[in-house]
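Each structure below is given as structure tokens.
Below are two complexes that have chain A in common, paired first with chain B and then with chain C.
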Partner chain A sequence: MSDYYARMKFYCDEQRCIQCDGCSVACAEAHELPVGISRRKVITLNEGIEGKEFSTSVACMHCTDAPCEQVCPVDCFYIREDGIVLHDKDVCIGCGYCLFACPFGAPQFPQDGAFGTKGAMDKCTMCAGGPEETNSAKERELYGQNRIAEGKVPVCAAMCSTKALLVGDSEDVSRVYRERVAARGHGVLSAPYGWDTAYGNK
Partner chain B sequence: METNKSFFSQNKAYILVSLGFMALTYWYFWLATIFDLNYVYQFILSIFQGDISGQLVPLEDMNRYQQMEAGVFGPRYDTIAPEITRAFEERQELLPYVFAVEFVAFTIAFIFLGRKKAVISKPDDTVLVYSLFQRVVLLLNIVIMIYLFITGFSITFGNITGGGAIAYFMRWTHEIVGLGWIPIWLILTVIAFKDHKFFKRPSGKLWNKIFLRGKYKPMYRINYYAYVAFGFLLALSGFLLWFIFPTAENYVHVIQFRRLMLFMHFMASAVISFFIFETIYSYVIAVKGYLPGLITGRLPREYLEELRPDVLVEMEKENN
Partner chain C sequence: MANTWGYGAMTNSLGDIQNTKAIIIFGANPAVNHPVGFQHFLKAKERNNAKIIVIDPRMTKTAAKADLYAQIRPGTDIPFMYGMLHIIFKNGWHDQKFMDARVYGMDEIKEEAKKWNPEKVADVTGVPADKLIQITRLYAKSTPGTLVWAMGLTQHSIGSSNTRLAPILQLALGNLGVEGGGCNILRGHDNVQGATDMCCLSHTLPGYYGLSKGSWGYFAKSWGVDYEWLKGRFKSEEMMGEKGFTLARWYAGVLAGKPGEDKIKNAGTNLKALVVLGNGITAIAQQAKVKEALDNLELIVLADPFLNEGAILTDKQNDVFVLPAATQFETSGSVTATNRAAQWRNKVIDPLYESKTDHDIIFELAKRLGFYDELTKGMLLKDDPKTAKPVKVKDEFQWPEDATDEIARTIKTIGLTGWTAERLKKHSENWHMFDEVSGRGHGPMKGEYYGLPWPCWTTEHSGSPILYNINRSVAEGGMGFRNRFGLEREGVNLLAEKGSAPKGSANKDGYPEINAENIEEVLGITLTAKEKSLIGKNWKVDTSGIIAQKCMEQGMAPYGNAKARAIVWTFPDRIPLHREPLHSPRQDLTKDYPAYEDKPNHYRVDTQYISKQTEKDWSKEFPINLVTGRLVNMNGAGVETRASKYLAKLTPEMFCDINPGLAANHGIRDGAMMWVHSPEGTKIKVKAKYSHSVSEDRVFLPYHFAGYFQGEDRTGNFPQGTKPYASGESANTVTNYGYDIVTQIPETKGGLCRIEKA
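Let's look at the complex of A and B:
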């Protein structure tokens, strides 16, 4: 499948997001995430202020030149050819440096070490599993489903009822974004939100 | 007392340590150049005013795009975070030089000063210098500091440990043992307070068992002050890093603060490493026979007469 997807990216259209939380609930259910871990979260701003309220959904953006990968002291990240940023939980020491470096607050930590210290990092895998054998029990336990290997769309975007949350090859996502902005007839046609930070111009 | 000593030789310890500090400070500023220093300054001010979020411009004053950036992803990323990314590699490369310089400095000290030795003819004539309480505190302190040094830098030099279960164990025990060190740090800060100018030590048998005896020589006084100051920074930043557990909910409010605390923790740990070396050097290498004394609490009278007369003087005062 990764032959088809040239460069996988996420985009959430805040004009369409209705704050239903479907994406983050679907993610938590599909991957059986422990309590306290939210790989994807929906955030609402200007709550209650009429005309100004809006929501958006964030998870790991799978950055180009991912900052998390650059800081990880034990080098446990690896970046797939299609741009998906993954990491190895057996190597991770739970230091939290990836979170310091991440512009999107994506890395999550279970509070399962002794005395409430951090456990191994967990983050959105774009439903692409981890370094274990594809679809093995261990992969599923540590990283959740591997939907990409089965040719499926990541569960959050598949679930999104208003299609605010898009995922796919960067060309396709950009095209949809351009069409939407043109159809609305207002707004500046720059890159989709967050893309500058996550992908630079790549 | 000699009176014709030069200024340099009288204040050698202070001067050399200050020079070392200037070099380190220069390095830190250079590391920190990627910070938006003005932002960091304003941020620190706002922390003292009770706002740790680092969001200096209120969200209401922003346009939608900026609101999204600040409200969802936290305060300005490029003011602090790139330091973490860039300097992380640099400190892995540069710290070994800092340690090497420190090592060479102590080797030179050893070559020139040698190992002090007291001539002891009556090894059985000993004096109880350290109470059990003092011994426990002093020894626990040095053992814990060494452990924190090793486990703390095992994170910085994770490329050497390569991660995995042992490195993970060292990391989380660093946090817990660090918490345990905080009271030890506090107790030692109090019982080793020897510059009596501003402080009247209470007299009495119990206090003599608690406060350490003797007077500081310059290098020991520097060591003590550095221990107090940088220990405080380490304990504070380490505690806050542990206490403010990162979650999806508190992310926007605490991430910038945690970044600042990590930088502070790292800086203080690089500085205190010098004084950890210095303490080990003075316990184990500089003077023969001191470490056994620290363990049993007793030192031969002749040892004290030759090397630590200040302690004997103080003990005599106590008995009168």
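Let's look at the complex of A and C:
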């Protein structure tokens, strides 16, 4: 598999994201999340300010060098061959170290007790379930749908109204985005919005 | 629209927006209200370098994606558009050839535009002169350009003038009848176009046939019922031809006679009963009046999949009936999209529990009222080709196929002849065989456009994806403007000039709408004696189909080939003129731009214009503009979407968008409660939400909430298990009095209010 494929990645095209929240609602509906859990969030910066308002959709970014995995004291995280970062809720103790480590605020903690309806810690699975038997009742209960096993696109990107949110093999994601940038071909931003803020002006 | 060029519908389509070079959006927020359709706007920008220009009182999510944005004062779209025309004419950016050949009355527009120089426009609209010039240059120079609007343009006392001047702007630039051009009006809810085409309205029979005796006669024949019987259902033949009440003002029909209420003309009686089939009456302007009217009815019936919050609003204790209606997933049939295209929907499941489909509810009602057979008879008939008269061909109808076929058989005005159930189903089943942008079919669907956008003149016709396009033949959806307003006016020819007939037309000139008298001369054909005996009086009532068929053979549109008109001599203003809102923050301008004279018997209600505007200086007590609108996660009155916990989570409470500067002046903190008071003497208590999307002279309220009324929590009225996750004040409790002079749509997009810390 790894000979032919790169890693599975999300990318949100902020030129297209309109903060419709189709992704976050679809995610919550598909995985029957408790209302307090936000596996995916849409963030808007500079709301209402002309020329400066941008929105983007954020969830677990399924990092290659995942900080959550590195800091977890009980080693509940595991990274699949295709790059999807998952964790074992039976091992997780809900300590919250991963939340401190995560740059994106992805880990979520159910409010109804340490071992609530979705386990101790809950996060985006890229619709790939968890360590339980694929498509078993327990997997569904703890991790939600396993759409990847069924050959389906993660529900957030499938439901994205403007196809801002891209997901898949990173080469495919990169190709789609590159085509868009090439098509724009005129005064396109040299880097995504916020790049300068994060990495400093060159 | 209909009064400008023949049909009041989106001219192009959402997909066609990808062909445009510039998109100018007045009073619409497609990023929020049409998020899926908005991808076509973004693709136009991405692939076609199209410029997006947004004119809106708020810096909306759509404006966030715009190249240029103008924050306009509510209700001043006409000065803005005249300002654009002023600059266009002055610089010669208009399309003189198009105007000469296909438009009537542009000289009067030119004269009016002269008055609106950029400085004057800036004073009235609040948009700086250089911004107006920048926008006009960009839009006029980027062709084809498309003009988009929604309720932000229509919901004004001068809404019908706004929706005339926008097409005129497009006509001046020659942006009509071309790919990437047109007036793309966005329909706000599922099947609004279909409901409008079927005329779920009080002033016309289905298909915009009006209420004349001739129209009633045509429908009596088509439905297979006796005209005299139909007449007998009315109090008098005169009332049969009278417009009814509208959704905006039905309450006046209940409250008339009480002190301070508008008078009505309703054959000497007030309204006593109300039946609501899936309408969010808690999102209707003048909510306090709606409540009072509900309280004073003898009977209320509310049929809805979710509990209609009209039942929560009213204090009426007896004779309020709530019927569980099925959803769209529990029935099948065709719906019409914003671009005049149909789509067939299949039933997913049978109606749950005791719920019934809308048509079953209506059938059961008709049975008990004793006219079920007459109501359903049209579905048993077919036009006999030998006599061109409807004959009974079956004893039992099949729903909904026979209803769809009855519509196809009956409605000629907008060309629904080709919309048979069989064809529509085939399109939906093969939707993957159609191009996303042009709608063109391929493979087995070649030669047809997706959903057969009307007019679809015959059962073989392709559908018409772009209205008034003379670069295509009529058989491929081409046509000129409709001949609807006569042949000449004040000595000027109203038909199109020579050379502007659709491609392949036998008649290269302009020509009138086709009737039995002129068909041979205009089409240049000779009819047989048999054809002559069968042909109907005109194309709109020709059940023989001969007129449509002969027109197709000659490459001509049955409705003629005429000029669009800038002058509508039957309207109170011949050409669109600016008039200040009834409640204007600029009292100094109301003298120069006064409201209309009061209008008696406006859809049965005496309606105030100038008397309301001049009652007092409203702006002294109510200095802040009030704008209402929609949220992306909510729909209509909101009970359905607020009953979804995940949608409710996004906006769990009713709120008011307020500029931090304005809020600070009133001591209102972000997240604190505030009162919004209206000139009607009503008020709502809502949560302040700081936002820079509104300037310091206006506030914004979403209109999807209900359950609270003037500070009072009424959610205790919900029967067990029916209370939605989110409830709140209805914005329409504080929207102001004011109705359009022609359509009577309420003026919710340009009122006044006063705010205070709660």
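Keep in mind that, in the parts below, the second predicted complex is superposed on the first by the 173 of 202 C-alpha atoms of A that agree within 3 Å, B and C clash if a C-alpha of one lies under 4 Å from a C-alpha of the other, contacts with A are read in each partner's own complex, and residues count from 1 in each chain.
By definition in this document, contacts are C-beta pairs under 8 Å (C-beta built on N, C-alpha and C of every residue); 3 or more make two chains touch, one makes a residue touch a chain.
Computed from a prediction, not measured in an experiment: that's the story for all the values here.
Participant: Touching A:E29, do we find chain B (first), chain C (second), both, or neither?
Facilitator: second
Participant: Taking the superposition on A as described, I'd like to know which of chain B and chain C A:E53 touches: first, second, both or neither.
Facilitator: In the superposition, A:E53 contacts chain C only.
Participant: If you stack the two complexes on chain A, which partner ends up touching A:V71: first (chain B), second (chain C), both, or neither?
Facilitator: It touches chain B, and chain C stays clear.
Participant: I'd like to know which partner A:K41 touches here: chain B for first, chain C for second, both or neither.
Facilitator: Once the two structures are laid over each other on A, A:K41 reaches chain B alone.
Participant: Let me test your reading of the model: by the given contact rule, A:A182 touches which partner, first (chain B), second (chain C), both or neither?
Facilitator: Neither partner.
Participant: Based on the superposed arrangement, let me know which partner A:Q111 touches: chain B (first), chain C (second), both, or neither?
Facilitator: A:Q111 sits against chain B, while chain C stays out of touch.
Participant: Residues of chain A touched by chain B versus by chain C: which partner has the larger set?
Facilitator: B
Participant: Classify the contacts of A:S161 with the two partner chains as first (chain B alone), second (chain C alone), both, or neither.
Facilitator: second
Participant: By the touch definition above, which chain A residues appear in both interfaces, chain B in one complex and chain C in the other?
Facilitator: Correct list for chain A: 46, 54.
Participant: Would you tell me which residues of chain B are touching chain A in their complex?
Facilitator: It is residues 59, 64-65, 67-68, 71-74, 77, 81-82, 84-85, 88-89, 92, 155-159, 161-164, 167-168, 170-172, 175-176, 179, 242, 245-248, 251-252, 255, 258-259, 262 of chain B that touch chain A.
Participant: Taking the touch rule as given, give the residues of chain C at its contact with chain A in the complex, in rising order.
Facilitator: On the chain C side, the touching residues are 31-32, 35-36, 38-39, 42, 45-47, 49, 58-59, 61-65, 69, 632-633, 645-647, 649-650, 691-694.
Participant: Okay, in this complex, where on chain A does chain C touch?
Facilitator: Counting only chain A, the residues touching chain C are 15-16, 18-22, 24-25, 28-29, 35, 46-50, 53-55, 161-163, 180, 183-186.
Participant: Taking the touch rule as given, give the residues of chain A at its contact with chain B in the complex, in rising order.
Facilitator: Touch residues, chain A against chain B: 14, 36-38, 41, 43, 45-46, 52, 54, 56, 58, 67, 70-76, 90-97, 99-101, 103-105, 108-109, 111, 113-118, 120, 193-194, 197.
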